[in-house]
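Pasting the structures here.
Both complexes below contain subunit A, partnered by subunit B and then by subunit C.
Moving on, here comes the complex of A and B:
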């Protein structure tokens, strides 16, 4: 494509508007609480949430842990589930893509499990694992493993058939083709799965903690509701959002580094 | 995926012509050996499904999980009973209807607002500059994190559930409409410009039709998210719906109820995504050309 890169200067309005709109958003939020349009029992002003955050850094009451402990617990669960999902889902998806026998065996079971939202597993995991760490890890794993398998599978299936035919002509074995052709050509899709699985894991973490937990950011939200403390609910939501965004950025950077050699 | 495989198979059956040479593709009949039968994919499907059900049955019957697991047959019996008997005043159909109604209301409300907003954001930089930053604040928050505040705001009634569905479906709807327009190949706009079209022609004849497939992909994603959301909302507090069935099962350690509820959700979610796929075929027939290639 013969496009020339032209630097267009954004009009000043376009540069300022985002800041203006964020400012307005928080201003309006603060105002409707301060002026009592929305009662303080239903919504906390941003300033109150900020205060609570500073307080929760050191004070474990009334929910039993400081916010850093909650965040650390959530991180542990999320990463255990995420790594297990990658470790099991990606190889399974890759094998399913290339080996007909693996596909034949794994596909019906996978298709059975895929459409069930991981949240629906919560009661069963409570029966099986109790409300400890592993139950939550299981829910998070379920959330992460599905996109991993799908992406790895599709990645392998999208391998250029000409290359495979050529490799066959030169007498490559199935395993050699899988190792040297299918896996490398599936890599971009596999890295795509890293992001999708992470988002899914993080969502399901909150769900798992909402229903069965005694620590973690989701638990903080639940406790906020039970004690009718809107500032705690909002604090929990914001922490979940911020941490999710931060981890997403890190994964994004990792993905870029890893893909640097492939996409040229 | 299935369409693609079908397409490839169809190509294989015909004679392919590449440039000026014709490839004759004649299927060679391979002898029916034991190895071929065993490694046949469909045969393996049957074997693994049967093995799965058998294992499930054995594990459940052995009582390792006590009340935490039941045999597949018990699930079937339990749910056949629910077709006529009532659970908390509603039959199985009533519960499915309750969940589906919430989904339908929330999903329609969210998509009616989110899709036009996404289109506007992509078409007008000023709308984008105003909405995008606020949207970016909300984007990383999982919709399930809203369950608590929805209950604080709206109580445990219908409104809070619909609110959560709206929150959950809004993000993918908007993002896909937005990206659907932004990722259009610039050559298409160039064509309109060369033909002397106005900005209005660009929007009507390029932007909208070209973004349709992406919008429908967004609808599919948000529909499956909507099922997750409604489930989360119903698990936390409800008196009807499929999530309620699961919660009842959890309360009374009735594994048949829990597993049956899970299977029903999977089924209903699958049917509803088929509906969207059908709607897509109806509303944007040009998509089919891409698939058939």
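Moving on, here comes the complex of A and C:
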């Protein structure tokens, strides 16, 4: 075909660079602990964390559950909160961007609630939901919904006005313009929101579990602190980090597929 | 200012006036365009051409007077008005083909008709091979052709063009102007073409309206009764070009 896409090959060095970077990071960390620059009581070496990880795959002691159970519980909470944040935040932000009435109703309330950090809601949440799953989901949702609304809103506001004029001359209705111009224009910002909201949800997950939980990665960290086990603290932290990065990579791939025309 | 008596009046602009506060921009402009006529509008820089077009396309309301299409007040929801803007207005998330279909989709043409019509238009502007690419994968001239094809596709009652080729280089412009004339002859649309390029106006139009400085009025009307394809160095062509230039000059 005459108009075939040009494929550019990345140099080998650039492909290997991220792996090298990670190797150096963990290597330096291991050395710092091994050489006693930081005592092992304050920071666990990657090898110690690795050993504990292998052990925690099968051993529920001393915190009451295996690492997979902790991870699964955290995943459930985070994803419920995250999906609810997307499901409510994105449409709200999109509508606020285009429809003046929605903006007039929702924006003042949103601006009032926005500055309150989700952690400040914990006491009320315990009154309302107790310490079960839904209380944590609510805290996580609060963290995720704000970036969703803001990004979707800004994305719609950035729609090229000439495109809107063009559609108007074709006699397009407000709803048609919203659907065929504003929403696609906002997509890059919306995908930005997916990443930001996920980070926010995942962060608030730990906060929510620090308060009231008997399972979950945040709880693992709390238990590590209580039992003075730095390797358990670090294992919890690393698990949170690795899972967050993995989910982020999945979202990145989805984004690339969907935004083919805009990003290319 | 009546067009050739042979064709019926399609567009009737009566006493079009536009004020922004105290500033009078368009002053009582009246003219008619015949069905299937190609009218060019030229004027000095800053004479309010864009305001004029925005009024004609009903993007902004007029202060007085109005524009009638087939005797009815123009309305984008009722009439098929197409507007080709100076800046590219392709939707980057739609393929070439989907972009050409966009105007018809907004007007809720039946799917079968859209498919047929898009095929025809893509063939006419030579985009059949690139129809599944995205706008940022094709050249600048193709991008402008997409919008021209989209504009013609809805079978417009009135096609407004605002210096559509102003940002392209000379060679491409000649090429696209020829293509535009061919499209107009094939599809028999009524076109109002705004430009500040006098040569371009003489090359494409059947009739040229020359606008004055602000407040804008119609200063003169020039008939371009030359055979096509037109020759840029034909003495008759040069004579008309000079006549229009004299009418516009403000120095």
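Here is the rule we go by: the second predicted complex is superposed on the first by the 220 of 264 C-alpha atoms of A that agree within 3 Å, B and C clash if a C-alpha of one lies under 4 Å from a C-alpha of the other, contacts with A are read in each partner's own complex, and residues count from 1 in each chain.
Keep in mind that, in the parts below, a residue touches a chain if its C-beta (ideal position, glycine included) is under 8 Å from a C-beta of that chain, and two chains touch if they have at least 3 such contacts.
As the structure is a computational prediction, the values presented were derived from the model and not from experiment.
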As a test of reading the superposition: which chain, subunit B or subunit C, is in touch with more residues of subunit A? B
Identify the partner contact of A:13: answer first if only subunit B is touched, second if only subunit C is, both if each is, neither if none is. first
So, does A:61 touch the first partner subunit B, the second partner subunit C, both, or neither? neither
Just subunit B (first), just subunit C (second), both, or neither: which does A:206 touch? first
Subunit A contact set shared between subunit B and subunit C covers 3
Complex interface listing, subunit B residues touching subunit A: 1, 4, 39-45, 47-49, 52, 65, 67-69, 125-126, 129-134, 137-149, 151-153, 186-187, 224, 227-228, 231-232, 235-236, 243, 246-247, 249-250, 253, 255, 258-259, 261-263, 265-267, 269-270
Touching residues on subunit C, where the partner in the complex is subunit A: 57-59, 75-78, 81-83, 85, 87, 89, 91-95, 102-103, 105-107, 129-130, 133-138, 154, 160
Show which residues of subunit A lie in contact with subunit B when the two form their complex. 1, 3, 13-14, 17-22, 25, 41-43, 100-101, 103-109, 112, 115-124, 126-128, 154, 157, 202-203, 206-207, 210-211, 218, 221-222, 224-225, 228, 230, 233-234, 236-238, 240-242, 244-245, 248
Please output the residues of subunit A touching subunit C within their complex, sorted ascending. 2-3, 5, 162-163, 165-172, 176, 180-181, 184, 187, 259-262, 264
